[in-house]
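Labels run A, B, C and D following the written order; every chain starts at residue 1.
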C-alpha cells in the first residue's frame, strides 16, 4: 500500500473556492437525457466529499444531492463476482484490455475473436459480470449486491431508485442488443431479461457523494474498512479493481485522466465519480453535466486540479 | 515517489531457477521474422538484469546478448519530445488513450475524428513524436536521440545497428502507409522519408539487458539518475511516460500486464522488455520468442511472476 | 423487358451431365449446422429446375428434395412490403446499398449514421421489412405472406416447416441482437419477439426447386405470371427486387456472381438459389453444401456455367 | 445485347427544360476543393450530351466545358489491364465486390483478409490496376492509356491537364498511404511514386461531355464502335466493366443509382458522369457540385429522371 497523507486540513481551506471555479466547466457539458429521471438533474450542480482514513471529511458544494450509481456500480459488482467465482472463472468470460471505443460499442465484440467483452467496465463486460453474481433468483442476486454495497458504504441504507430502474429497463435496448450478441457468442446464457434486471437494478442504486467517498475508502484501505477495521474485500480483488479503474474507469478518457489525475476512478452517466488515493482518501463527486466522453465536466476538472495540487497521482 | 525496497538479495537466490522455468514459455512463442536481422535471434534465449538504486544487480540467463530497442525506444523519444516541445504541443498531435487494437492498425485513425494518433506508443503516435524531435536535419535529430539514450544508460556507448536500420527502412511500408495517412490528416508534415529515417534509426539502437535496466533506473528515480545523482528528466515527464507504460506499454496486452504485474513497462518486437519498480529498481529483460500480442513470451512470464512474488505492483 | 429465348430444349440435353460435374463442388462446402434441422440435409445433394414462359421444364438431380426458403424469402417479403407501404415508406427505413460485409454483421449499423440497414436483403433490413407487412397480428402477417408466396408459386400449398421455425426462433440470438439495435436506433418498434416470429416464419417456408422456379418465373414476367397471365406484382416492384438481387442477392459474393453469371438471384443458407432470366426463364436450385460466403457451392457453379454457356447475362 | 431504341428525337424536345430543372440540384452540392484546379469549376454548371448508335446527338447546357476524367478513367484502365493481362491475372489482385464504404477508405483492406482491394473502382483497386498496364516505363504506360482513350473517343486528341496532374501528385497522400498499405500486403510492388504518376495522370485526362458520350458509346456497342464499326474491346471485358459500373460505379450510392436509373455509369469528383444504354446510347454529363456521396448532384438527378421517363433501366 502506498502511504500518502491526505492533508485534508490543507484541502479544506481552498476546496469551496476551487469547487466554484470548477463548476463553470459544467457550462460546456450536457446532462444525460436518455431517460427522463436523469435529465431532471440540475445542470450546474457540483458536490464533492473527501473522507480520509481517520474519518475526517472535507466537503463543498451540492453534497446533499443524491443520484444513481450507474456505471460506478460496475466496480463493486466486479469485486463481488470475483468473491463469488474467483479470478480465473471471471476472466474466462471478460478480458482485461481497454478498448478506446465508447462504452456501449459492439465494434470490438464483432471484430475480435473470441468475442468476449474487452473488460468488465464496458457494458458488455458488466452485463456478463452481473450474470455471474451468486443467487438462485434475480431478486436474490440483486439483494446480495445491495447488501454488499451497504456494507461497503459503512452500513448505509442505500436503496434502488425504482423509477430510474423501470425507465432503464424499459428503454435499455442497446444493452439488450449487446446481451443477445453475447448469448450468440456463448459468453452469456440464461434468461436475458432477468440478467438485465440485475444489471439495471445495481445501476439504479441511489447514493450521495458521502456514500461514494465511503465506498472508495474501503478500496483505499485495500479492502479493509479504515474506519471500522472490518475486512470486506480480499486485497487482490481490490488490486484488480484498482487497476481497471486506472486503465478503463473513465470510459474512453481513462488514459487522459490517468495522465492528468493519476487516480483510480470510476464515473457514471448520472455525473457521479468515485475516486481514491490509496492508503489515504476516499473521494465522491457529483456534477450532472457530462462532457463528450460521458464523464462529469466539472467533476473531472475538480479532481484533476486537486490531484495535481496535492500530488496525489499514483505515478 | 513510492518507497519500495528492491530486496535484491532475496531475488538473487531464486532468479536463476525462475528464469529457467520461464524460459519454457518461449516454446509457444515465435521470433519476429519481418526482417532477416530479427529472425536470427535465438528462439529460446532469455536474459534478465535487475539493478537497484544502490547500484546492486541481480542477473541471470542470456544477459550478454544484445538486441535492438525497437518500440522500447518510443518511451524515451516521447520524453525527449516533451523536453523539446512541452506538454501541450505534444498533446496537440497525439492523444492519451489506449486503443485495444494492434500497434500498427489504422482502424482508429480512420474511424475517429480528428484522426490524431491515439497515443504516443502506437506506431502512428511514435512516428509523429519522432517528427517533433528538435534538430535541423534528420542526422542531427538522430544524433540528439542517441546522445540522450547514452546519457540515460549511464554514459554508455549505445550504437545504431545499421543492418537492422537498413532493413527496417527498406521494408517498413506499413509505417510509410501510416505516415502518409497522418500527412493527409494534417498531423504530420515535412519529408516522410526523413521522418521515417529518424524513427527507424532509434528503433534500431542496440542494447543489452543491463542498458535497459540502467535506463529504467532513471525512470525509477523520477528522472534523476540514482547512481550519479544527475538530473536528466523533469519529474512530470517521467510521470507521463510512466502512465503511458501502464496503460499502453505492452501493446494490446497492457491491461493484462497491469493486472498481473502492475509495473510500468515497454516491450519491443526484438523481445526486449524494460520495466521498473518506482523508487527501487530498473529491469531489463530479453526473450526473442514473442506471444500473439507481440510481447516476449518468456519475458512477460518472468516479470509477472517476479512482481507477484515480490509484491512490486503499483496497485 | 429483355427478350431472351430460353432455348430449354438445348439445355435439356447437357443438363444431367453438367449437374453431375457441378455436384463435385459440394465437396469443398459445408452444410449449415446452426440448427439441427438444417444440418440433416444431404451434403452432396444437387437439384435444378428450369421453367420457361411456355411452361416447359428442364430438370435434373435431386429435384424432389424440399428445403426451407431462408433468405430467399426476403425478396418476396420486400415486394409485399412495397405493395403494402409504397416505395418511399420502405426506403425511409432501409437503404439501397450493398455492404461488402457478412449478412449478419452489425458493423455498418454501428459505424454509419443514421444507422438504418444498408439494404433489405441483409438480416437487419429483412427484419425491418418483416415488421412492415400489413396485418393486425403476427399470425395475420404470417398468413398474408404465406398466401402471397402460394400465389406466386402458382397456387401451390407451400407450408411453414414448424420444426425449423421453432429452432430458428429458439436460437436466433444474433437476429435478436440486431433487432434491439434497430429499436435503439429508432428504425424498428413494436414487440420484437412478434416481429421475429414473422421473420423466422417466412424463412421457414418449405419449397422445392420447382416452387423456386415458379416464383422466379413471375419475376421473369415482370410481375405477371407467364403461365396464367395473372397480374401479381407491379412491374416497378419487380424492377426494385431484381436490382437488389443483382447488387446484394448472393451475400458478399454478389459482385462476383454478377460478373460470372449476370443473373438476378437470391440464395439461402439451406442451399437454395432462386434466379431468373428476364422474359424467359425461372430457375430453382438446391445444393446444401455452402461455400465460405454462405452460397451453395455446387449451385453457384452450375448456374454460372449455364449462364455463360447460354449467354444469359443481363450485362 | 439489349435492343433499345434511343428515341433521341423525343428526348431532344424536353432536354433543355429538364436540364434547367436539374440544375437547381446543384445548390445542395459542393464543388470538390482538395486541389485548387478542381475548386475553380463553376458551381452551377450542368451539361449533358447524348449520342446514339446512328451518330445522332441531343445536348443541352454547359456542354462546351472541359473537365478531368478523375475516377471515370478507372473503367477504361480496368479494360486496358484486362486486355493486357487477361481476366484471371487481374482478379488475383483485385476483388469483385462492392464495399459500402467511401472510395478511399482503408477499413476493408485492414479488416478483410487477404487484404486485396474489394474492386477495381475504389482507389486501392484502381491504383493496383494502374500498376498492371503494360509498358516499360511509367511514361510508356501513360502513353498507352492516353492512346487507348483517344481511340475510344473516336480518334480524339484528349490530353492530360498537367496542372491538375501536378496538384494531384503533390497532394495525393491518402493514395500514397493506400499504395504503401498494398505494398505491405503484397498486392502492389515496384516504385510507388511511378505507379502513382500513372494513376494520377489518367485521372487528369481532360474531356468534354461529348468525349464521355463517345467513349460510352463503344461500351453501348459491346466493344465495337457503332460509328466506325471498329472492334476496340473484347465483348467479355465490356461485360465485366458494365457489371462493375452497375455494382460500384457511383461510389457508395451505386445501389441507389441502380434502383433509380438502372444504367451502367461511372462518376468522378470533377462532376463528370459517363453512362450508357446498352445497344443504344452513350451519355456524358458534367455538373461540378457534388452530393455527400461524391457524385454530381445535378447530374445524378438528370440521368435518373431521363432514365425513368425513357424506361432505360436494364432491370
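Annotations
Please note the rule applied: contacts are C-beta pairs under 8 Å (C-beta built on N, C-alpha and C of every residue); 3 or more make two chains touch, one makes a residue touch a chain.
Only a predicted model underlies this, so the values are computations on that prediction, with no experimental measurement involved.
Think of each touching pair as a link: the shortest run of links from chain B to chain C has 2 of them.
In this assembly, the chain whose C-alpha centre lies farthest from chain C is B. Centres computed as Cα averages put chain A at a distance of 32 Å from chain B. Per-chain CA centroids place chain B at a distance of 48 Å from chain D. Within chain C, the positions touching two or more other chains are listed as 111.
In terms of inter-chain touching, the protein chains here make up one closed cycle, each touching precisely two others. Chains touching one another form the pairs A-B, A-C, B-D, C-D.
If you check the complex, the residues on chain B that touch chain D are 105-107, 110-111, 173-174, 176-181, 183-184.
Every residue of chain C that touches chain D in the complex is listed here, in rising order: 2-3, 95-101, 108, 112, 118-119, 239-240, 242-244, 246-248, 252-256, 258-259, 262, 264, 278, 313-315.
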